[in-house]
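Below is one structure; the comments refer to it alone.
All chains are identified by letter, namely A, B, C, D and E, in their written order; residue positions are counted from 1 within each chain.
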Amino acid sequence: MKTFFQNPRVQRSGRTALILLLIIVMTGPEGSGTQPTAGFTGSFGNHMSFFGLFYPQRWVVFLLLTLIVVGLTSLVKMAHRWWIERQRAGNNAVARVAKTLAATKQRARHRSTRLSLYAVALAFALYFPHLVTDQSWQTLVVQDVLVYLLLALGLNVVTGFAGLLDLGYVAFYAIGAYTTAWVTGSLPTPPPFGVHWNTFVAIPVAIVFAMLCGVLLGIPTLRLRGDYLAIVTLGFGEIVYLFINNSYGITGGSTGTNQIPFLSFHLGPIKYLWGLIPEPYYYLTLAFVVIFLLAFSSLEHSRVGRSWVAIREDEVAAESLGIHPLKYKVMAFAIGAASAGFAGVVTASQTLFVTPPTFTISFSINILVLVIFGGMGSIFGVVLGGLVVQGFVAYLTHSPPSIYNAADLYMYLGALLVVMMIYRPAGLFPSRRRRREVSQVEAGTAPDTLQVEIGAHRVQEDV
Amino acid sequence: MSSLIFDVQDVTLRFGGVVSLNNVTLHQGRGEILAIIGPNGAGKTSLFNSLTGVYAPQEGSIRFTNSQGKSMSVIGKKPFRVSAAGVARTFQASRMFSAMTTFENIKIGAESHRGLGVVGAMLKGPATRRDEHRSDKRTRELLEFVGLTAQANTIAASLSYGARRRLEIARGLATQPEVLLLDEPAAGTNPAEKIELAELIRRVRDEMGVSILLIEHDMKLVMSLAERLYVLNFGSVIAEGTPDEIRSNPVVIEAYLGSADTGVAEETK
Amino acid sequence: MKFRLNKTVAAVSSSALLLMAVPAIGFATASSAASKPTFTIGYEGPLSGGNAQLGINMKWGVELAIQDANATGKLPFKLQAAWFDDQGSSTLSPAAAQAAVANKSLVAVVGPAFSGATRSAEPFYVAANIATVSPSATAAALTTGKVKNNFMRVVYGDDVQGAADARFLVVNRHNKKIEVIGDGSFYGAGLAAVVAADAKTYGAKVTTESYPESSSCPPGTAPTSQYTALATQIKTSNPGAVFYGGYYCDFGLLLGALHSAGYKGAIMSGDGSESTSLISGTSPKTAANGVFLSAAGGGSGGNFTGALESQFLKISGGVTSATALYAPQAYDATNAIVRALLKVSTKVPVSKIRASLIPALHTVRFSGVTGTIAFQSDGNLAGTGAGQIDYYQVKNGKIVQFGHN
Amino acid sequence: MLDVSSAVVRYGAIEALHGISFEVRQGEVVTLLGANGAGKSTTLRMLSGLHAPTSGTITFEGQDVTKVKAHMFSSMGISHVPEGRRIFPQMTVQENLEMGAFGRKDNYDDDMEKMFVLFPILKERRKQLGGNLSGGEQQMLAISRAMMSHPRLLLLDEPSMGLAPMIIDQIFHIIGEIRDAGTTVLVVEQNAAQALRLADRGYVMENGAIAFSDDAAKLLHDPRVRAVYLGESVD
Amino acid sequence: MSYFSSHFATLGHEFWGLLVGGIANGFIYAMVAIGYTMVYGVLRLINFAHSEVFMTGAFASFFLLKFLVGNSTPNAFESVVYLIAAVVIGGVVGALVALLLERVAYRPLRRRNAPKLAYLISAIGASYFLYNFVGKEFGRINLSIDAPYTNNTVFTIFGATVQTYYIVIFFVGVTMLVALDRLVATSKLGRGIRAVAQDAETASLMGVNIDRTIALTFMLGGFLGGVAGFLYSIPVGAVYGMGFTPALKAFSAAVLGGIGNLRGAVLGGLILGVVESLSVAFVSGAYIDVVAFGVLVLVLLVRPTGILGERLGRSA
């Protein structure tokens, strides 16, 4: 009997069955306080449309899906085998197609091809508002995609480039948003010089302020490594949250403020008000996304970027070459904070409202998921990951509530993180360098620099 | 100038109750190839770490004097400051940035002493470009010098042991040091590579005027390369002298071959 | 090969998600082809999350009212509803409001349900000239000092409720020392402030404490332990009564902590806590026994009766209107909008209808299920001061009426 | 007793052992010599399952142990005294010894007493923490800890490292006693002369391969050995 | 000035009450902190998902007590039986969830020798998955726990009343902590755990099965965490997000006492519980969490090895 369970095929099928059950329950109906088992029973017993064809019980749908997927994959596999055999046999047509494919792949690496790809993407982004007729979608794209993208780009500098896991990243976002509220005179604290400034003024102020906080936080904490840094930043994020939540006299406390004005532009005869129509917000934010994107990508391929990589890979060696690790780490913090600060301005000036619950730890995790999903350290990966994950999230969140519960978001994101770490720890589109690093650590040929170290360097006597 | 480049006086380094270096005094002349030998656990790497600011010995003084005659105390300085002053090093188990290419590894060394230049880096201004060109040029020169030009775009982790050692030397040299500390450069290399390595180290001194301080177990290499040696045992200097003096020093033989081993030493003499 | 089956799982799960999304597309593009123009009445409130039940109650009320209105067949237009879920959260409500504003056939909104959510959504409704009639947002500050307010409500504001609660605790129940705790939310802190001020005028010794609501109701994290320490402090300072301005989620936590600490005095909270979920969320359930609650019942605090109730039961799936808190209020709020719509010209673009609805609503006066519905210029239910506040008490795990002011 | 044939060990992309073969016979002391980085420790780690070979086979007492996991070795009769002693620093001497007998289900009090006879100093230090012992005491503890599992083959990695000459003599003396009591010993040593005088046979490793091997007595006088240690040229 | 003096005046009155409450909370923190400290000891890893072990323990006992107690009022004997049953089920479920975590979120990474960062991210993911999953299945509002006992004042000390609840926490806490301490100090399993904590590789040379030992370590920590979850939930009920804050505080406690050090975790837990409780009198109660996180940040920055220092795998 024991040998039956030890059979790898049985084990694999068992594992798959368990995961399938989990998925059925995960996507099933909600339980409730009064009927805690309703979620489980409903997950199997309820009915569900199968592509509109018929309406069986949910588990039947999943079973059918599994069969279809297994069937399709084996078909694809057969085709693939056939393809390879034909290619090997030298079949002309097939070989030609294969060659073209390989060449395209090669060309994608080429600079000009990449640039034209980016141009197409940008053109699409510029045209996007005309594709969606429902204006609320533009709002959502700004608030649920572009803002997240800005944040992910910033966190990518901290976590991807410099290798520092920052779980309190949301704090800088909060600082940006609250600075906007402060500068425009919407907080109990009087605005600077008693003037209710134009919201545009908030952009530089918020960025500078966030960077300053990044430096102030970074200098003491960045001596810590790995898990400890993560926990301290998490603590910092919570403290910022609790502060803004409780300081009624300063931040308005847990009720926040709803007095922030729309963005507006008064320069002599030119006047423009960013009002209810979300399109201008979309373009403004898009412009900043592109600016940050360009700036960060040249940063990555600069001396600064290389120094980060050096510190990330081997801090001791980097220091022995004359690189000041703390300085570079603090800088990564400050740069990451800048983009979060700006994202805060966008959010505050578009929702006209800031309130503490936006700035909980979950938000940091959400951003982290984007960075990790796409591929830490790879700007392309982060943008693509951000668009895919956040686009899907935005779509589901704002679909009618009967279909998807927004509260389940973190269940899916959490599962995604675990699955990613097991199968694709470097992300879906990692930078080549990051992928190498991960595989080298795993092979034991490179030190794991994120190894937890408490306090100062552990003594390593020469052997 | 016959000045000393390193002047180490009575250095004692302790970890908790363990004495790792005990009253070590040594000095290195400018342009000298100096070696430190000793059995495992004798404190050689601790000495290197003290010389480069990784450890701060509790007692004694370590002074480094550059070619302009500017002298500084190393103890209490951070490694990056020591590096900026003109001290470069390699590590026992070579510590390249293993996910980077050979070229990138060296380039990091070549540009590490410049300022931050974040804004410039983001904007890619002309000054930044000029800088990049300069670093690239220097990197190419060094690749040529250590003979790694062909492997410029190879990932460091897939280099052979010998090539890694040369890469580490080039990376150290890229920081434009006055003294290069080599921690067991020959470990894991094959005899042919050892010969090339010795040649390279000599060229570093002769052509670049960089002093060499060397830890090495391969006695053949040490004896042929070093002009003077210090022998460390249990954290103390037990002998000092030229290779020939060291080879015939009974204290050294005892440290290496064991107390009851005088017989062997005599027999083979 | 090794991970083949698990890849299968990944594929299945993603296709399952897609399957879930398919009906969404269908929903979004649904349109009716009636000859009469179709107008949308929006509802903004919590349809998911911890406060979903309250929101769903109101949704039923709105559904019932629209069904009724369409069924008369006398309307020159057809009505439909659109649901905007804000989870009762002030963070999510701007997006919900923006989505409502963007709906091209939407003329007015029932809701938002919660005061905090109302506050953060209002700038958008104001900018778009949309009238909002809330069945339940009672925060005093939403109406204070406003003229021709686009926001109106069919319940009495917290100033009325707070005054009644203070009178109840001090005058009726003879408590001389009262600790008033606000949850820091727009609604809870406001109510607590009114109670504290009024209790002082009745001569009680009042201490106040502000405790930010933990986010255990809406999704997020729950810093729940804080009540243990607060409860210990209350137990030692031993006031005759504790008043809590906030929602049932946190109030339940406070009750559990007070029970564990051994506090024996009177405890009271307002309409935000008046929910059966309070009892199921208080540990142990017995800790909720004896607690007083208050709620603004409107005019007579009526429920649906007769045919209306049986229709309602169909919509709600068997939940009676007496249990479905705020469903009658939502019904009345929707009807107020329908009546106003009948007063204005609907042959003009929707943006004009929106704007004309606000003054029209201020002239509406009718006898609804919960009492007479008419609005003052500031948006409050007409006749403030005469409003009836119902008192309840938890007895043996049930909320029972205790009396009224 | 132990037979290694063309074993290859890799660390990621790097091959640390390039197919080494050697054997250890019942009752003898065999020593592995070589410079730092030659692959001696890696060989021992391979023999106790800490680093599985990517190819080649290891046979112990006729049983294929190539793929056996590290924690199984002690109960199979192979004990490994790792490089640098690796005493459990926060456990007392007695607890360390008990750890040595971790895999045993029978009573091992007698064995502990035997160890105390072999190393009387350990008895004195019985209640002290392992981390507070001197280097020599730690080495003794490490050896007796390994002996607690009744090994038939004892692997010793640099037992003399960092120890004073007097202590080294003592340690080697005890290794001799252990051999005399019937345990086969494979010892990796920097201290070539001392090791060779104790051993029956020796293998000299260079760059992850076995360069040459011979009877210990002959190796002791082999100029190639001397070249490795004192850099004398071999002519 | 006047702010503090007025608070001092009330403190005398409230001190003992707050102290009792603080110690009770402290025991809960200590039990959770043990889980962090043990896993840290063997893996050098902060088990971020430990908060969910805590939460599931509470849910397990919620369902058990719902079944056992229901609407009845248990007598003294029943109280004890129910209590023990709830403790056991909370602990067992906690241990199982911890084991599951180890198998799903950690072991695949350990097999691959993945970078530490991957572990941490995987743990965060597991934590978010678990608590939202529970939220989805059991609703996102507090579920009332049917208390297995009637909460009365048992005795009074310096004017502070000590309730049944506190007595329960005290007894369960002390029993658990002492039992664990003895287990780790004297049993063979404990020796294996300590050996793995001090030097995993050498431990495996001694015949310790590292995989099994790590799994058991997770389970032991999980057991205590689950029991703590039950105790904690008695006055607050069970709710999906209940783990986050207390677990973060427990982690602070572990760091405060010296992570990796079992007794340090207990000491840290008690100190944190008391400090936090007393801070209600000094600082506004609203800032109580800031106190805890402030302690965490300060300890890590000033003395990262904690009060008792990092004595990994040390039994005593």
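The definition used in the following text is that a contact is a pair of C-beta atoms (placed from the backbone, for glycine too) under 8 Å apart; a residue touches a chain by one contact, two chains touch by 3 or more.
A quick note: this is a predicted structure, and the numbers were derived from the prediction, not measured.
Least step count on the touch graph, chain B to chain D: 1. With centres taken as mean CA coordinates, the chain nearest to the overall protein centre is A. Set against the C-alpha centre of chain E, every other chain centre is closer than that of B.
Taking each chain's centre as the mean of its C-alpha atoms, chain C lies 37 Å from chain E. If you average the CA atoms of chain A and of chain B, the two centres end up 43 Å from each other.
With centres set at the average Cα position, the gap from chain A to chain C is 34 Å.
Averaged C-alpha coordinates give centres for chain C and chain D that are 76 Å from one another.
Residue positions 33-34, 246, 361-362, 405, 407, 410, 419, 437, 440, 443-445, 463 of chain A are each in touch with at least two other chains. Residue positions of chain E touching 2 or more other chains, listed in rising order: 132, 135, 140-143, 244, 284, 286, 289. Under the contact definition stated at the top, the residues of chain B that touch 2 or more other chains are 40-41, 157. By the document's touch criterion, interfaces exist between A-B, A-C, A-D, A-E, B-D, C-E, D-E. Interface residues of chain A, counted against chain D in their complex, comprise 439-440, 443-445, 463. Taken together, the chain C residues at the contact with chain E in this complex read 49-50, 184, 209-212, 215-233, 235-237, 249, 252-253, 256-257, 259-262, 277, 279-287.
Residues 11-14, 83-84, 161 of chain D are the ones that touch chain A when the two sit in their complex. For chain D in complex with chain E, the residues that touch the partner chain are 48-50, 69-75, 79-80, 82, 86, 88-91, 95, 98-100, 102-103, 145-146, 149. Considering their complex, residues 12-14, 35-37, 158, 160-162, 164-166, 168-169, 190-194, 207, 220-221, 223, 226-233 of chain D touch chain B.
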